[in-house]
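Can you read through this structure? Questions will come right after.
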Amino acid sequence: MLTFIRKRSVASLVSLVGLIVLVFFLSRLTGDPTDLYLPIDATDEMRAQFRDIYGLDDPLIVQFGRYVGDLVQLDFGESIRKARPAIDVVLEAFVWTLQLALITMALVTVAAVVVGSLAAFRVGGFFDRVSGIVSLVAASAPDFWIAIVAIVVFAVGLGWLPTSGTGTVWHWILPIAVLFIRPFGLIVQVVRGSMISTLSSAYVKTARAKGVRTRSIIFVHALRNAMLPVITVIGDQAASLLNGAVVIETIFGFPGVGKLMIDSILQRDFTVVLASIIVTALAIFVMNLLIDLAYAALDPRIRN
Amino acid sequence: QDDKAVTIVLNEEVDVMEPCMATRSNIGRVILGNVNETLTELDVRGDQGLMPRLAESWEQMEDGSWRFNLRQGVTFSDGSTFDAQDVKHSFDRVFDPTITCESARYFGGMTVTATVVDDRTIDFVVDPVQPILPLLVSLITIVPAETPVEFVREPVGTGPYAVTEWSPGQQIVLTRRDDYWGEAPEVSQATYVVRTDPAVRAAMVEAGEADIAPTISQDDATNPATDFPYLNSETVYFRLDASQAPVSDLRVRQALNMAIDREAFIGTLVPQDALLATAIYPPTTQGWNADVPVPAYDPEGARALLEEARADGVAVDTPITIMARTANFPNVTEVMEAIQQMLQEAGFTVELQMVEVAEHEVYYSKPYPTDRGAYIIAAMHDNRMGDPSFSAYFKYHSEGRQSGIADPKVDDLITRASAATGEERNQLWSELQAYVHDELSADVLLFHMVGFARVAERIDWTPTIATNSQLQLSEIGFKQ
Amino acid sequence: MPDHLLEVRNLSVEFHTAAGVVKAVRNVSWHVDRGETLAILGESGSGKSVSTAAILDLIDMPPGRITSGEIRFDGRDLLRLGAAERRDINGRRIAMIFQDPLSHLNPVYTVGWQIVETMTAHGQSRARAQAEALRLVTRVGIPDPAAALRKYPHEFSGGQRQRLMIAMALAMKPDVLIADEPTTALDVTVQAEVLALLKELQRETGMGVVIITHDLGVVAEIADRVVVMNSGEIVEAGNTREVYRSPQHPYTRKLIGAAPGKGDMPEPLPRAEPVLKVRDVVKTYGTFAALAGVGFDLMPGETLAVVGESGSGKSTLARILLRLDEPDAGEALWKGRDLFRLPPAELFALRRDLQMVFQDPTQSLNPRMTVFQLISEAWAIHPEILPKARWRARVAELLAQVGLKPEHASRYPHQFSGGQRQRIAIARALALEPELIICDEAVSALDVSVQAQVIELLTKLRREMGIAFIFIAHDLPVVRDFADHVMVMQKGRVVEYGTVRQVFEAPREPYTQALLAAGLDPDPEVQAARRAERVAIRA
Amino acid sequence: MSTAPAMTDGTALPNEPSAPRRFLRMLWADKFALAALLFLLLVVLMAVIGPALLGEVAQKQNLRGRNAPPFEWDRGWLWWMGADSLGRPLFARIIVAARNTMTVAAGAVLASALIGTTLGLIAGYASRRVGEAIMRLADVIMSFPSLLLAVIVLYILGPSVTNVILVLAITRIPVYLRTTRAEVLEIRERMFVSAARVMGASSRRIVLRHILPVVLPTLMTIATLDFAYVMLAESALSFLGIGIQPPEITWGLMIAQGKEHLTRAWWLSFWPGLAIILTTLSLNLLSNWMRIALDPTQRWRLEMRGRTDA
């Protein structure tokens, strides 16, 4: 396993380098930050001076060389917009995103697996129908709808929860609840589908013959066999959360990496864009590695 | 004590809290006048014009330079005493080539030399001579002489408040200083939070989580007891590029102006309190010419003008693209769609493209793309400074960065007005406004926009034209 | 009426299919008493598995439906009990050994865990369950039992899996054990041990055993009574000895008459240039050597029987010859070309010549394809064999040859019984008209009459088309009837090789001798005599 | 050959009905799926004839009737869903927008599913090295922010419907790719795959005939839900100026425009949101139905029901 991890890390490093090259050059094709950063009526001297300070007047390849040179010393450069080291800005935001993503995905996984499995247990039954409709609506409803309605109802109307912000535990409830909805809907469906097939396999019969309880037939015998596509989709959803939940961050004033990245892209704050991509990419690589290890852990037949 | 603390919910993240960037509205709203003060300040509540702040008085010398007499007994929040040296350092820092301070933009084409006369007196020599320097210095925040040249994260100032907490992305807390030189303000502590969604800002005040939301959306502004409209010094207009056919033809530009039913927007897509624009700056500006009429809505007339131009061989059927920035102002897409339809009804061939800020910028500022074709830029301009010079050069001078016209008379008027003082200055600006609007139809002016603030019932505060860029805590009182 | 331990009365089961209702079991009644062994004999597909599945509530309802009958156990009708009560009986009071051990073991849990679960599900403590599991696995003769508990089902050979199933079923010392073909994959020595184990338990606990089998030897060895099923109905029932002596129903007569191992032993073919030369094949899993240097020659049209201990590497050898697993060393020259070193393109070209019937028929049939698609895929891959227009007719023909019906072509694998699936797999292998077929226990799940029919078919093909066979089997009478040469394997090695006559009449190796001695005779009286002898020796 | 053993009536089978008839019967058995299919046909119909029929009305502005609430029947049937902030009838707009919405959503989902699945099959079945390379590529795509991609495409290629599809398709590839590969890894170890290899089936055949059908239902579940995702994501791209521009409309764009008025005029974004939800719901009900109808071991669920209903 250690060699696997080692090999994989090397491969991921190559991907990371590719990603950096790609992002570095492609993002520069999208325009010069000078005009965006400086006010419209800034003087020409200010513009020249700005380009000089941030090295924007050098040829791209020189800028890239400089960037990589700094990067190997773990210097991610200075954010133009925030006048701080880009990596500080990104890490600060990423901690929030990571927490949000982890908590949400943990809840989603548990809830979706339970609901999806139970739905698959009696296909076409009442629970299946109801949970099916609910999860499908959840997976396709615009999230800002739900967010705003939730604020209007639970914060303004009932006053149970704060509208937005980050201060206390209570502040986390609404954002997580809203974030929860889409992946929940999707994963319920995937679990259900996968479970329908596994629940009709022969080893489930064996378990029944052994007198195993229905609960553990579903959640122990069938579920583990059904998990392969499920954890893949969980991984995909987690990756999109790690890339930042823009709507949630915008509406609930959550200082995560999603909005940071969007603002930085729109403002052409390239150092921050790159730093956040590197950080999230590393997180995604690690997650994919964990998922691949999970495949092997779940199914001994694909260990080799 | 605690009930004198307020929470203010802003719409834009505060990226840096650098005093020399205070002219940026997101930064200015927090620190300007609260943490950092300026030598002078513009009265936005009354009509006293320019008022003393850290300078007690000022005068123009024979040679055109300006002398400022500074206030005594002022201390910075770090304990040091305020004197002329601090002022000099503050100005030098703004113009230092190793950092890009936004305040410097107002001094384009000028060199400012500050000379300390004594502790309480400082001279400014400006080349060329600058008649409105006292107004300009209201943009330069004063920092201690010890401040390093690079950007700071903990601004120190002479204002009534000091920054006591800044957790980026979460909140900024300002706490009242006990040793402030002036009258102690009522608010003891202010917490700033940022929510980009307007509905959430409104909800926060409603739910009692915030006291002031300086900008909420027109749709949410439904409660007259808490929601106040204010002219926000922003003007929406179409910048025309007169170098491109068919917009280069005067008749086409006039037709564009006549084809838009501006009235129809008021109270529908644009707030009721918005004003129809006849200049690119708001009516509170010096030298405002009240005689310039709003172009009448006359689609037939526009059609006729177009036909006339067509007869003269102008390619009036060339498709014109309106480029507007997404989220530039509330309902921007709908307004653009409506205008597009109005123009089409008047016989124009118009396309609409909503673009993000960077692409907008490509067409908005010089150098313009060479293959730009016929296009119209929809934009919003902010001049809260009360003087047309902050707009005129950029927008209309042939060298202006965002100018779509090149007219010698305009250039001349701008140069003269900028150098003039007093009534003459007003006169020249008036003349420019009328000429650009009536004779040249240089652009299509639309609305002076209105913003809405939501203020909790316990708070005694109303927004002003400066609220967009500045929110002095000292102006906030408490009812009962 | 005296109360039996378990009694099935008038049981009828139907299945729904796209084409209509299949009446799989019709008015079946039988009973088993404490300490008694009932054997259910019968044609493949006659409803043996389905009727016993009903006892444990294992029929999927729908599509299945129990249309009549009752199942009395412990004075209660099981069909009227609630789910919780049945769950409590399942595994603890009534246990089942399934016919198809690989698909019935959960692939993602270790076998130790699965055995332990049987006990913990009924309230036993984990520690005791673990100790018990180890004991059970040892008793069913799995080598290195402690390590085996930590392994996954796919790491075991077919026979080992079957023994694990047995261990699992015996875990709770049930009152009734239903064993569905429990010894099909076991070599005779292990089979003898397992049967002895069942008997011993029966003596200890008074367990009633219902054994489904087609092996008359097994019946003779352990059954007290038999019922014979045909097409979903019971056609004959009675005392083992009487039924063997004087079968009433024609089907029973046919069954008994078809018992293999009575014909002449074939004379070996004259020596010729071998088509397949295998040398020094080695395959290790981790540190375990599944094959430790195996070699043999195979002549055109020859049948080489591979017999040997369960887990001795027979299936592994088959898989490796077909390059489904990569060998660690050795060579296999097929007409002079080394199969192990062929590049993929040439291997594809050769594929047609070498076919295999897998030990586990359920798993080797794609569940989403109809029988027609499964068989005709051969021609889709190798269109030169048969023009498309003739596919349908040929599928019908092949199905008939293996004893199925043409209309089965539109059904899916899950709708067949174990033996029927095995026949589909044989038909598929034949469709390609190969030169060599490796049969891994290809006839072990077939009742003797069908088995005889299939063997006859294979013999005919061999004669007419010169097909060579590598015939992996544990059923010595079948081997005796069908093979030319016999290769005996033990622990990954060839321990004896010779003509059928040499091996059967003058075995050299002690293992071979033991193997032959352990063979069961279909005649209950002969078996009884041998049993008595064994007891005498032990005493 | 001796006589075949008698297969008695117990297992004899009457002839099966033809495949299309069987599917129709199964569809009839699942009323939800039937309703879903009808709804989808309606959406397709809207997409085909909507713009020609109502294109004009949908663009007709009327500032006086802006944000007219729904269910005011005196305005005329076109206004029953209310009007948008320019007074255009929402009902007509939703019908007209169906075309662009469906083009973008179907284009993006199909493209990403096709590419992702193909790559996933290759990654799962081809040699280790190729598989690794593809997976690492997926990692790169997965960590490339879609918005940045959109901005880049916008700058390099300019806005167009094709480019929206391109951007959305690229960002969705990894899900299909990873799901497919994970499943292939397991399925390739199954015995029926070995059996096919023994028969000499080419890799392509094994992958397409034996492995793909097992993976397909899961992919279909994901794809149908992706429809909703893509429809909403498309409006985010419109925000950047890539793709559909007003006065052209999509449901996503309508939602985005209505968003500003959510607290005052909920119907502006409610109806298009409902349209998206119903479409996704229908697609999913249909794909769930298909999962069962195409799986021979599950099919009885529908066939039985059909019988008892009849």
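Note that the chains are named A, B, C and D in the order they appear, and that numbering of residues resets to 1 at the start of each chain.
Operating definition for what follows: a contact is a pair of C-beta atoms (placed from the backbone, for glycine too) under 8 Å apart; a residue touches a chain by one contact, two chains touch by 3 or more.
Keep in mind that this is a model prediction, so the values were computed, not measured.
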Central chain of the complex, centres being mean CA coordinates: A
- prompt: With chain centres defined as C-alpha means, what is the inter-centre distance between chain A and chain B in Å?
  reply: 38
- prompt: How far is the middle of chain C from the middle of chain D, if each middle is the mean of its Cα atoms, in Å?
  reply: 46
- line: Cα centre of chain A to Cα centre of chain C, whole Å, reads 50
Separation of mean Cα positions, chain C and chain B [Å, integer]: 88
Field: Shared-contact residues (touching 2 or more other chains) in chain D
entry: 151, 154-155, 189, 262-263, 295, 297, 301
- line: Check: chain B positions touching at least 2 other chains come out as 199, 356, 358-359
Query: Which positions in chain C touch two or more other chains at once?
result: 154
Task: Determine which chains touch and list them pairwise.
output: A-B, A-C, A-D, B-D, C-D
Query: Once bound in the complex, which stretches of chain A touch chain D?
result: 11-12, 14-15, 18-19, 22-23, 26-27, 29-31, 123-124, 129, 132-133, 136-137, 139-145, 148, 152, 182, 185-186, 189-190, 193-194, 196-197, 200, 228-229, 231-233, 235-236, 239, 243, 261-262, 265-266, 273, 277, 280-281, 284-285, 288, 291, 295, 299, 301-302
Task: Enumerate the contact residues on chain C facing chain A in the complex.
output: 53, 56-58, 60, 83, 87-92, 95-96, 98, 100, 103-109, 117-118, 121-122, 152, 154, 168, 362
- line: In the complex, chain D touches chain C at residues 1-2, 4-17, 22, 189-192, 194-202, 205, 209-210, 213-214, 294-297, 299-301, 303-304, 307
- prompt: What does chain D use to touch chain A in their complex?
  reply: 32, 132, 135-137, 139-140, 142-145, 147-148, 151-152, 154-156, 174-175, 178-179, 182-183, 185-186, 189, 217-218, 221-222, 225, 227-229, 232, 255, 259, 262-263, 269-270, 273, 276-277, 279-281, 284-285, 288, 291-292, 295, 297-298, 301, 305
Query: Across the complex, what residues on chain D touch chain B?
result: 59, 61, 63-64, 66, 84-86, 151, 154-155, 159, 238-241, 245-247, 257, 260-265
